[in-house]
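Per-chain residue numbering starts at 1, and chain names A, B, C and D are given in the order in which the chains are listed.
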Amino acid sequence: MRRTRGVLAMTAAAAMLLALSACGDDNGGGGGGGGQADKEVEVFTWWTGPGEGEGLAALIAEFEKQNSGVKFTNAAVAGGSGTQARQALATRLLANQPPDSYQLHAGQEAASDIKDGRLEDVTYLYERNGWKDKFPKGLLDAITVDGKIYTVPVNIHRSNLLWYNPAKLKEWGIAAPPKTWSEFLTQAATLKAKGVKPMSVGQTWTQMHLLENVLLGELGADKYKGLWNGSTDWAGADVISALDMFKQVMAVSEVTTQDWQPEAKKVLDGTAAYNVMGDWLDAYAGRDQKKTYGTEYASVATPGSEGVYNFLSDSFTLPKGAPHKGAAEKWLTLCGSTAGQDLFNPQKGSVPARTDADKSKYKGYLETALKDWQNSSTTIVGSLVHGVTANNAWKSEIEKAYGVFFQDKDSMKFANAVKTAYSSVGK
Amino acid sequence: MGEAVGIRLERITKRFRGGVVAVNEVDLEVRPGEFMVLVGPSGCGKSTLLRMVAGLESVTDGTIWLGEKDVTEDLPQERDVAMVFQSYALYPRMSVRRNLGFGLRMRGAAKQERERRVAEVADVLGLDHLLDRRPAALSGGQRQRVAMGRAIVREPQAFLMDEPLSNLDAKLRVSMRAQLSLLHQRLGTTTIYVTHDQIEAMTLGQRVAVLRDGVLQQCDTPPRLFRQPVNLFVAAFIGSPSMNFVSATVSRGAVEFAGVRVPVPTGSELATADRRVILGIRPTGFGVASSNGLPTLSVVPEIVEELGDERNVIADVDAPRVDTDATRAAVDAQTADDALLLPAERARFTIRVPGDLPVTVGEPLTLSISPDRLYFFDPDSGTSLS
Amino acid sequence: MSQTVVAGRREERRPAPPPRRRRKWSRRLRSWGPGLLLVAPSLVALAIFVYGFAGWNVRMSVSSWRGLRQPNDFIGLRNYRELFVDETFRNDVRNLVVFTLVFILGSLAIGAFLALLLDKGVRGESVFRSIYLLPMAISFIATGIIWRWLLDSSTGSSTAGINKLFVYIGLDWLRSDWHKTPNMWAIAFIALPAAWSLSGYVMALFLAGLRGIPEELREAARVDGATESKVYWHVVRPLMLPVLMSAVVILTHISLKTFDLLYAIAPLDARTETPALYMWYTSFRGGFFARGAAIATLLFVAVALVIVPYIWYSVRSERRR
Amino acid sequence: MTTRTARRARGPYLRAARYLVLFLFGCLFLLPVYALLVTSLKDPASVSVVTMWELPGKLSMDSFRAVWPKLQNGFVNSLILAIPASIISSILGAANGFVLAKWRFPGADFVFPVILFGMFIPYQAILIPMFRVIASMGLNRDLSGLILVHIIYGLPITTLIFRSYFASISEELIEAAKVDGAGMLRTFFFVALPIAPPAFAVAMIWQFTSAWNDFLFGIVLTRTEYWPITVALNNIAGAQTVPFNEAMASALLACVPTVLVYVLLGRFFMRGLMAGALKG
């Protein structure tokens, strides 16, 4: 009987506590900035798959070497491109119990958190470590909001890549990967005749990854950029015809609900000819599947996007109310340092955000990618799916609209939905 | 637990939510150590009254005194009474020993005290060999005795028993009745015993309270109930087989029915009255025709019930039958219901005759009626006139 | 001296007892007071955690809360109006209706059929029973993961899962894309794992119902000449209606609440999205908490429409019995 | 042949057909479990989706060894969560059920349906407010918030189970205890609890499985190191980047405890249903 009374007390206490706390706005955050001697740091990422997992592990090892005695908690939530991580993080932010640092795509994805006053301004880290001239101007512009910088980019990924298996392509009598999407459609016809699936596409976010690159290929860099700042009219004829092209590309592809790795494997195994995916596919194909770039798998810019670098960047933040601020700053400094970036990027399969990285570490695909990224004539555009061009609210509305578009194939309705969403939440 | 105390009920009323009055202003006093029986047809409020004394039913009006203490509003656990239920209500998961000791345990009696009293009662009731068994492993009679034991161990100020023998078979019931009386003589605890069986009431009760529709008809010793019933209902209810009734007229000092005139006992106000009455004669109230000059009545026996050393002769009499709600209420407690079998106007008599008297169905039988064995009731109110 | 007490009045001899009303109340309080005290904490907790939060959720659904900063404004039913013209929401509601229908009919059919088979008493009944009840022990997440591979829709040489089974037993024309078929019936296939998981429970409910019917009723019908099928139709069927209703109500409420199964089988896939999932994505991915609260309230109302009459009916029939 | 002998002759065929159908359904129900077992016991190298149904060449525990480190934390968390939650909500449910069945207070008939509705509430409708309150109390920093929530939302079902079970106690037993001097608590302790084990079994099965299998509360109310098994499982196998055999092995490990509970206490569950405990 004693236990029941104990429990009754607990439930009653809980109810009373509730009355005290009332709903109101989020009350004060967790402990203030920790002193120098933080014993622990919790970093939130979605790097659990092959390639990205090893990259993160290398960084953590380096961090623990530099800051012995500081326990590193890797709060990683699986799910390609953070599909599930965003939700787990949102609950933490809503409860005002942020981790010490969390992974974020550089660009608009950070906008909503900045608008809600959740991120510390880290410009002082840039000045302290002299990073301002170490990062390309295009990237800095993308991550500066009202003159302040809130994120430390660790790497640069390229979204507009078409992956294929050179040996298989020759075998199917295809001279070279298509330069335009219409050329891809013609190639698709011959491939289908040979019983080969022209393209493999995975679950929703990989489909939208394909969509953004079809838009880029059909509209060109300037009009593509206009899509995100309101200057290009989504309902315009050119956008509609680009959307129709996307429908045709999807029609000839094998679409499943799996994440990107199984779809990439189909290209390596030769059951599918092409797959449009970011350059993290290189780490998966190279290290995990033990294939060599150039012979067993290769990549070119997606049709119509030659010379354009559709970039996205993984970056880390310093949330307001981070329990261990000191340790978090050390983590961000490591992420922004050449040593850190050169340790991480080769594993992850991305190029370093810093321009002064040690080029010798980047071989195979990364070598060409680094050359393209640092070549001043390359035009840089931002990725929608990976958070550069749209804030979370608008992006989730676009995802919603895409869900309908996927089923009823109505381009005009999709375009209008995206347009109205932009006016209500996009800016 | 202190010597026996009396129980007094003052103008006790019980009205249920639906407006049904189960008990209607009952005044009743049970003297210390007395064995009082509440009897009456089903639905007469006897159980409700008992449950009110136990505290299991709230009292709408009136006061209940246990000795000098007003317990009307006390909870059952605050009253020093013990109750034996019709279904025995033994705790299924407890052994007989723990069942017997449960009451004492609840009232905080020390362990050795409990064990001593349990052993003592188990010995008295012959339950020693059953102490470690579970109720499910006992026979009906044994379970009944454990239920009794549980009350006795408590040595409460009063026992309350709600038809405790009704679930036993006939033979066992008779022997348990005897044990109950013996126990009462030994323990002397004030007891209220509820039953619908009037034989049980007459044999057990030092005094018997007859109830009908929540109203106390009469509370008296069995002999006086038998001989001086206050009204038609009590007369019809007490006695088995029940009293015979017939409509008759009293004139010039004698009552006349079915062609026979029987003088009215001198000295009663009926001697000078000239009115209609309801005449009652108990089956044992008839003599066998003999020369002692008593008025005789001849009847033609239709059924003869063989009881061994006695016989019940059932015959109809050429006089109007009495069929009031009082007799019907009383009858519903008995088993036989002859009213339906007979044409409306002829009354049916049951006559108890000695076993060796030659009686054959169809052969007329003459019976003598002695004036002092007659009962007279007012036809309208049913109250007794003698 | 015994005194004959005649029905009727007797004058007062004792002093009048203290005022009756106060002490009558104290008796009533002392008799059921402790009971209420023992139940009170649960009542308070449920009042807050169920009804308090549902109310608060409604309050949120009429605000314009988006992003992490919660405004206290009031915008009336705008969120609800927007939902009714929202193509995704209508699509999700249609999906939910299709899922619920196929799930309930499937589970009822399998559950009832198995219960009827077992009702006659079969040797090894408890083994069959535990096999059929087993899937209920497995969480929807694990079920989702297992069935995602079983409902594999690849073709040609990489055929797998149930399609592969069809090939083994020569029914390869039965091959299907399962929940990846492009039309509205995609979600119907998700009802397959759901039915697999809960038909055992339906079977248990029905078996309990069948066994609840006293044997004498069936024997009486047989004596009156009814054949076995007539006995089932005329005696058993009417008595099984309450059990059938409980099963339908319980399955409906489970299907309306389904979230884990869909989240595990096909996350972020519009073809198999239901309002429960839409609420999750729009709140925690897009930050549209007010719209999420509105969807949740509509879900609450839908469940209440099914459950409240059912509870009211079963409480009333319990009182009548 | 007269109809009677025909019917008797047909009898054995009917019974054989019935067994066959039951056996077939048995296989259908066990098919997914077979796939689960076979795949997780196969040697990881030889595992492929296409050969899912083939029996394992040689048995190997490698898949389990590979996933156990990732699941271990979740497994322990779920035990810490499910056991106290089911015990406490069952005890509270027993007390509520007893009061609502045999120690009724005015309005008890109104209170019970109100409690009962709590069982059917869609968690989405209370998710955000509940999350805000638990977070503001700081209970989402470890498992205590999740345990409290599972106790409270488990109360309706356990109260229902015990109320319908205790309704079968004869009224006279309760009155006998009263007259013997037992108040409410002691009557509950000495009369109701001793015969409550079957109802406890049903309540414990139901509560343990629902706490163990819950996902939505788990993902909202806990941090990474306090994730229950379902969230950990979804994080491993849900991301699809994990090989097929590891997904199956982790799914298998995740449902071992609940399957065990069902197999061991299954018959209580049926008896509970028979007693109308879950008629609901």
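As a convention for this text, a contact is a pair of C-beta atoms (placed from the backbone, for glycine too) under 8 Å apart; a residue touches a chain by one contact, two chains touch by 3 or more.
As the structure is a computational prediction, the values presented were derived from the model and not from experiment.
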| item | value |
| --- | --- |
| Distance in touch steps, counted as few as possible, from chain B out to chain C | 1 |
| Higher-contact pair (C-beta pairs counted), C-D versus A-C | C-D |
| From chain A, the most remote chain by mean C-alpha position | B |
| Between chain B and chain A, distance of the C-alpha-averaged centres to the nearest whole Å | 94 |
| Between chain D and chain C, distance of the C-alpha-averaged centres to the nearest whole Å | 14 |
| For chain A paired with chain D, centre-to-centre distance based on mean C-alpha positions, whole Å | 39 |
| Residue numbers of chain D (touch at least two other chains) | 92, 95, 129, 133, 152, 183, 185, 234, 238 |
| Residues of chain A whose C-beta touches two or more other chains | 11, 14, 18, 23, 79, 84, 87, 91, 94 |
| Touching two or more other chains - residues of chain B | 75 |
| Chain-level touch network, classified as line, ring, star, complete or other | other |
| Chain pairs in mutual contact under the definition given at the outset | A-C, A-D, B-C, B-D, C-D |
| Chain D to chain A touching residues, read off their complex | 88, 91-92, 95, 129, 131-133, 135-137, 139-141, 148, 151-152, 185, 189, 219-221, 223-225, 234-236, 238-242 |
| Contact footprint of chain B on chain D as seen in their complex | 170, 172-173, 175-183, 186, 190-191, 194-195 |
| Chain A contact footprint on chain C (complex, rising order) | 41-42, 44-45, 48, 56, 66-70, 87-88, 91, 148, 153-154, 156, 158, 179-180, 182, 266-271, 273, 280-288 |
| Residues of chain A defined as touching chain C within the complex | 8, 11-12, 14-15, 18, 23, 25-26, 79, 83-84, 86-87, 90-91, 93-94, 112-113, 115-118, 195, 203-205, 255-257, 271, 392-393, 395-397, 399-404, 406-407, 413, 417, 425 |
| Footprint of chain D on chain C - complex, ascending | 32-36, 38-39, 41-43, 45-46, 49-54, 56-57, 60, 110, 114, 117-118, 120, 122, 126, 128-143, 145-147, 149-150, 152, 154, 157-161, 164-165, 168, 196, 200, 204-205, 207-208, 211-212, 243, 246, 249-250, 253, 256-257, 259-260, 263-264, 267, 276, 279-280, 283, 289, 292-293, 295-297, 299-300, 303-304, 307-308, 311-312, 314-315, 319 |
